[in-house]
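You will see subunit A twice below: alongside subunit B first, and alongside subunit C after that.
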Partner chain A sequence: MTPTFPTSGDFTIAQDHLYRSLLLFSPELTLALTIPILLICYFLGGAFRKGYLWVGLMGTLAALGFAVMDGWPKLENIQNFYQDRIAGSNVILGTNVLNNLIFSDMIVIDPLAIILRWFILLSLAFILLLNILTRFPQKEASGDYTILLLGSTLGMMIMASANHLLMMFLGMEMATVPCYMLAAFRRTERKAGEAGLKYVLFGSAVSGLTLYGITLVIAQFGSGYLPDIARAYFFWINEDKVPMLPSIGLFLIVLGLFFKLSIIPFHFWCPDVFEGCSAEIAGFLSVASKGAALGLLIRFLFALADPNYTYVNRVLATTLGIFLGTSGVITSTFGNLLALRQTNLQRIFAYSTIAHAGYLLLPLSCISTEGVATSLFYLIAYLWMNLGVFACIAIIFQHQKTAELARLKGYFQRAPFLVTAMVISILSLLGLPPLIGFAGKFQIFSVLLSSANQSKSYFPFMQDYLWILIIFTGINTLISAGFYLKIIRILILDESNSAMTNTEKMNSRSNDLIESSCETWPQKLYLFILSSTVLGLGLFWSPLRTQMDQIAQNIQSPSQTLQMAPRSK
Partner chain B sequence: MISLAHYLAIGAILFALGMIGFLSRRNLIVLFICGEMMLLGVSLNFVAFSRFHGNMQGQIFTLFILTIAACEAGLALAFILLLYRRHKSLDISLWQEIHETGFPAPVDTEPLPTGDQEMIFPKLPVAGIEPASREEIIHA
Partner chain C sequence: MLVNDSLLMTLVIFLPALFGIVIFFLPQKFPEVIRWWALLGAAATFTLSMCLFIEYYAMMDRYLDDGGRPLYGKGNQLSVRIDEALRNEGQMVPGPRKSDDWVHRSRWIDRFHIQYSIALDSLNMPPIILTTFIMFLAVIASWNIKSYIKGYFSLLLFLETGILGTFMAMDLFLFFVFYELMLIPMYFLIGLWGSKRRRYAAFKFVIYTLSGSMCILIALIILYNTNVRDFVSKEEFTAEVQRLNANYPDRRGVPASEISFHTFDIRTLQKAGQAAYLFINNQIDRLEEENKKLDPESTKIPILSPGNSYKSANQHFKNDLFYSKNTQLIIFLLLFIGFAVKIPLFPLHSWLPDAHVEAPTPISMILAGILLKVGGYGLLRIAFPICPWAAEQFSGWIGFIGAFGILYGAFTALGQSDFKKLLAYSSISHMGYVVLGLAAISSKAHSQYWESGVDGAIFQMISHGVTSAGLFFVVGVLYDRAHHREINQFGGILNQMPLFSGLSIILFFASMGLPGLSGFFGELLVILSSWHFSPLLSVLAIIGTIFTAGYLLWTWQRIYLGLPTNPTRYPEISFREFLCLIPLVLLAIALGLFPQFMLLSWVDPHVSAWVHDFTQLK
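What follows is the complex of A and B.
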């Protein structure tokens, strides 16, 4: 085929496509625009240098506003999400008839991407607000801090909406590289540099592995476009062949995602980094970064074994399910067991984060839309409860300069409101009834149970396997009670150490000064919002669940692209 | 005739060497050079596949990989400098302030070989006036 020179009509189509892409990409563009604004503030000096975090928060809220403005009507009218197509085929950019594929199909804005955008931006807004409340980075440093945080969020949003291996890799690197610096941001702490170094070491090695996986996939299929890979893989599997090279490649890519999710063989960075970095960054890493990685994992899952597609290969789906389920159950068991021995609050919650990453994987193991919906629901529940815990640790660290549990005995008497909020979040992580953590855990159990009953018809061993998962998850909840309740006991019931109060007096801070500065009212309001959401969503969780179900049923999948005309190369 | 397999073999060898070095070396800078070697092996693979499939996807990947490798190397060097100032050594086993509670940090029995303590500098040929000897400088 000889290439023809594009006509003016083609240019018009390209222009329309670009315009539409930029419009759908506006939340990311807003975040990107906030970064130069922060730099301009830095150059202007004077009063402008005081409010970096506020400028960052404004940018985030504007981005969130754009994301909601774009996404809300679409989620309201989710049944017709794919009905709204552009008339006519697109000559230059392939037959891009779906309205939600932008930038030459490199990025997909489907319901999954919309909800993850909201999730990531919301967690960023809460983290920035927490930084304002705890005054963590000093005034001069807060500019760099905000820029890095915004850049990392931008990467996570690209991860959540990637439709091509290149975008996936770029998003992962954009999300991680600023985090290396953020992990080492607590300059006064000796451990911070070490945490940063360990993160860079492990991160660069794992990104090398992921890239090798990407080469192997591209080796076989010659394209990194996810639907192309899905289609090619599907045809191979349907002829009862397993393409060795891309299978290893996909496995390596998933290992890279496991590193970001801190699943067990790749969890070792997590406790060390969490202990060395500030609690705000630990919260950001444990919530926003998990969300983006989980979104990408779900997209991979849909590319390989789409639950909405009726002709999906059962053997492939079951193999994937067993792989994910086993990783999930090992991760949550080891995470909970290792957390029992810890004495540092941030380290305990690092292991708790690892265990919860395992819980997030479990429902994915029964390759079904219900499973995906449950996982998304648990992710959103996890945002509120984990942010609550890390906010409390950040505020404690601001006053006590430590996160060692032994020095926080009887903290309830000094800061009753803070400890109450923390206890609510911890009980929710444990999964007690009126809180959102219970709603999430309950759904994990129920989806595993119903899937065990369904799978009886085609794979009898799958039923036993899912029952084992259920039993192990139950045991895990009991193990996790061990350390969660220990924290609550130390904070509330233990007598505060008298020797400790003496040293505090020696530090020329009178006791009543500590009393008054323990929690300010904005901090109380912040913690109140988080805890009341944990409680409120725990009581009324069915609307959220319905929404998640609808989103899971409408994730952009290769089966839709299969119905389309073949893409022009 | 150099075929695709040759390129892939070199890419795989580079990657494996990088991986082995990354897992076994103790010098921080050598460690990061090994990390870069892994990325270069991957880049070679990408370029070879790009030529093989006759499209540009692999080459574009390589451009991005080089950029990101540069970012990571810059960051890593900054961290190495920061930590070198503290301990005056590049031995990775010295950074063990963060480790599992209740377990002693693993200790390497042999110290990192530091090379000869007395550095031998090349001797320059004498030209013009003989420079002041060391004692004279100290007394002055």
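What follows is the complex of A and C.
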């Protein structure tokens, strides 16, 4: 097609597209707008400087409001998500056939992106609220802190909705770079410096690899647009050829995602960073960052082996499934085993995070929409239970200035409410009914087993393989009981060290920031909300699962764009 | 819609938990208030469970069998009642729920067909009453618990909810939720209020039980993945197809014959298990539709839902792993291991002595009196009915494990010097009878032998619940006075505490199995039926009774007779202690003197139905 001079009609279309893009992008824009507002607060000085976290929270809630306003009607009417297409707009700015592709198809706002945006914004809101409650970055520092946190969240949201490899890379870097600084934010601690440095070193090495992978893919296919890659890859595979360079490239990109998910052997940063950074940041890294990376992984999976697409290449899908499943089972097993020997709360939960990243991968190994739905369900369950745990650690750290288990013996006597909330979250992570963690784990078992039964018709060995995954998941639960129960034992069953109590009293006299009571009522309310959600969702999780099913079936996938004409270049 | 039976059953399950929640809001300053409130909760639950029993008995009594015998009517059997409820539910316009059939089903988690389904029959009624009764006594026995009583009593009441729910659940998922709900309260009750090595014991308890429940969970998910479409009504199946079409638009083209149906319902899975038995034995043509008029001589088994024939079912069975030998064996083994941990059977028992020794007296009473029965009940309700073929294959081994457990427990008990440890091993020995009684599967013509074995197993469970709870309380009384449990350091208690000694010797003899007391009848029934099953096992069990008498009498001598070793005289039991002991003693006597009236007359009809479900397959 020869380029023609654009007519006024084309401009109108372009204008419409821009408006629509900006409208759909409003949560991200709101978040981005909050950052200059924070800077203005900094210049205004005085009373404005005290409320950075509050301003950040307001911005986050506004963004969440926009995201919900935009997404809720769409999820309500999810069956018709792709029905209303815009007619005749394929001229200048690419193939705007589906109205959920924005900014020249660089970003896709499909049900997966909608739910992940909610997820990321919700976890950010909870983290900011926790920071307000624990008064962690004091006064001046909280401005920088909030800006970094918002910037990182912006990157994660772009990750969750990226439709192009460069957009994806941009999102990953935007999400990670602020985290390097956040990891080292406890400036007085030696370990914080170590954490930041390790994170930077590992992170930059891995993003170099990812970038290299992207160049390999684009060099071969001439496009970084995910549906294009999917299409090109699909045709290669169908001719029984494996394109070597882009395969290596895709592998490297997936490794970059594995780094963010802290899949073994890319987990080395995780324990050190979690130990060095504040518990709030650890919670943020373990929840929001996982969500974004998992979303991107699912998008990749759909691009390469779309389970909704009838003509999906079984060999490719099975290979991918075995790769993901094996990584998942190794990660969860070693994560749990390594956690057994730890003595620091934050370090234990770093390994627990690693193990749960493994659980998140396991259902994806089925390469089915049910697997994706299970994984998303587990992610949402994980938000509540893990935030609960890290909130408790943050509050403990605020009062005790330590997260060493040895110094928290019998902490139940000093803070019964906090420890009860923590025990509920821990039991949920362990997977005991009637908590939401059990619902998630039950579904993982269930989806592995049902796909084991289904897969016997085309790949008999897949059945045995999935059975091995099931057995290992069962064993993993037992191993994890070892360290989860150890925490509960130390916090509740052990007698408290009386000498420790005295020094604590000394501290509380010298430092007026520490209240005499170990938990304030807003903190109690915060913990109550988290743990009652863990219990409530654990009792009635059917609607949530049904919703996840529908989201998984309606993820934007290349099969919808495959029928379209090739894009004009 | 709330109906009489649903409301009453739900109330019995959740009333303790409600009382437990209220305890959180009671002020710590008034320990007496908390104690009395907990006692009120336990008493209210006990009362309600007795009301439940009376209403249930009235239902039992309403149906007569062909010979005009009361209680034996077909209409009161659980399978008949549940089938009727399922039929009513499956209709386009659901039929009315009966308010007195003691079956309740309501939707809970639709995505996985999980239902809040509870029911009563004579297999779970005795353990339910035992639970509420022992719990009531355990609260009385807990009066001298001093530390953190708020947490103690609320955990105790939560535990009761977990146990009662486990006994009543008729949906595997619900069963599992309640089963796991027992775990954490017990962990804290042992770990916080126990003696010196309590943390180790509590940890061991949780790890053992959790391993068992992982086995059960995996078995449960395999069962869920079974295609049971031949056993559910057409209406229910159509509703499922509609749901699938609505939720999975891309699956609309799939023909109805390829759509499968999954459930956690125990009754439906039991039908599938029976079909698997016939399928494996190549007798699939004996399957017949429900409600067909069959002549009494016919060997057909009417479990297929209307509109299905054995030919179409055969096609489905071939494609489903569940109906293969290996899967049946695996499922049964997983379930059996899971429940064997709880019973506990020989190689999986080592958590029990530790837990008993470290637990405070009331918790030991609950542990021995009720929690061990959950394992036996699980075999009775889930493992045997759902996997009849595998159960029959393994019956010899199970019987052997049971008989070996009797001997092993008795021998090990002989060597113990810690009173509580001795009783723990005696529990292992006594629970061996339960397993032996269940395993004594007999042929169709001699089904009465197996029936008496199962009767004996249930009787033994109840009798052991009463006597072991009593004996653990006896240890508690002695420990409160002497502050140790070493049998060899006691002596001459008989002279110091005559009333106490009189009451406890009855419990000793009841546990020993002396005729006229509760332990005798259960053991007799089990030994009789196992003689028919395998004389060797029967002889082993008889030898076991000799050793049981040996260690109990020897213990009695060392503690109660001889010269006092303590410098100061121990005071006689207080009124509270007397109040706690006397009902157990009276019950031990009553169960021994009137076994028919107390238990067997209303348990036997359902046991014979249970056995018939099994033997009709042969």
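Going forward, the second predicted complex is superposed on the first by the 554 of 569 C-alpha atoms of A that agree within 3 Å, B and C clash if a C-alpha of one lies under 4 Å from a C-alpha of the other, contacts with A are read in each partner's own complex, and residues count from 1 in each chain.
Assume contacts are C-beta pairs under 8 Å (C-beta built on N, C-alpha and C of every residue); 3 or more make two chains touch, one makes a residue touch a chain.
These figures come from a predicted structure and were not determined experimentally.
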* To do: Determine, under the contact definition given at the top, whether A:275 touches first (subunit B), second (subunit C), both, or neither.
  => first
* Asked: Is A:196 contacted by the first partner subunit B, the second partner subunit C, both or neither?
  -> first
* Considering only the touch criterion stated at the top, classify A:208 as touching first (subunit B), second (subunit C), both, or neither. => first
* Is A:453 contacted by the first partner subunit B, the second partner subunit C, both or neither? -> second
* Applying the touch criterion given at the start, work out whether A:188 contacts subunit B, subunit C, both or neither, answering first, second, both or neither. => neither
* **Which of subunit B and subunit C A:545 touches, first, second, both or neither** => second
* Applying the touch criterion given at the start, work out whether A:341 contacts subunit B, subunit C, both or neither, answering first, second, both or neither. => first
* To do: Could you pull out which subunit A residues touch subunit C in their complex?
  => 79, 308, 427, 432-434, 438, 442, 445-446, 449-450, 453, 470-471, 474-475, 477-478, 481-482, 485, 488-489, 492-494, 540-542, 545-546, 549-550, 553
* Asked: Which of the residues in subunit B end up touching subunit A in this complex?
  -> 8, 11, 15, 18-19, 22, 31-32, 35, 38-39, 41-42, 45-46, 49, 52-53, 55, 57-58, 60-61, 64-65, 68, 71-72, 75-76, 79-80, 82-83, 86, 95, 97-102
* Residues on subunit A engaged by subunit B in the complex (per definition of touch) -> 166, 169-170, 173, 177, 180-181, 184, 190-191, 193-198, 200-201, 203-205, 207-209, 211-212, 214-215, 218-219, 222-224, 271-272, 275-276, 341-344, 347, 569
* Asked: Which of the residues in subunit C end up touching subunit A in this complex?
  -> 108-112, 176-177, 180-181, 183-184, 187-188, 191-192, 198-199, 202-203, 206-207, 210-211, 214-215, 217-218, 221-222, 224-225, 247-250, 321
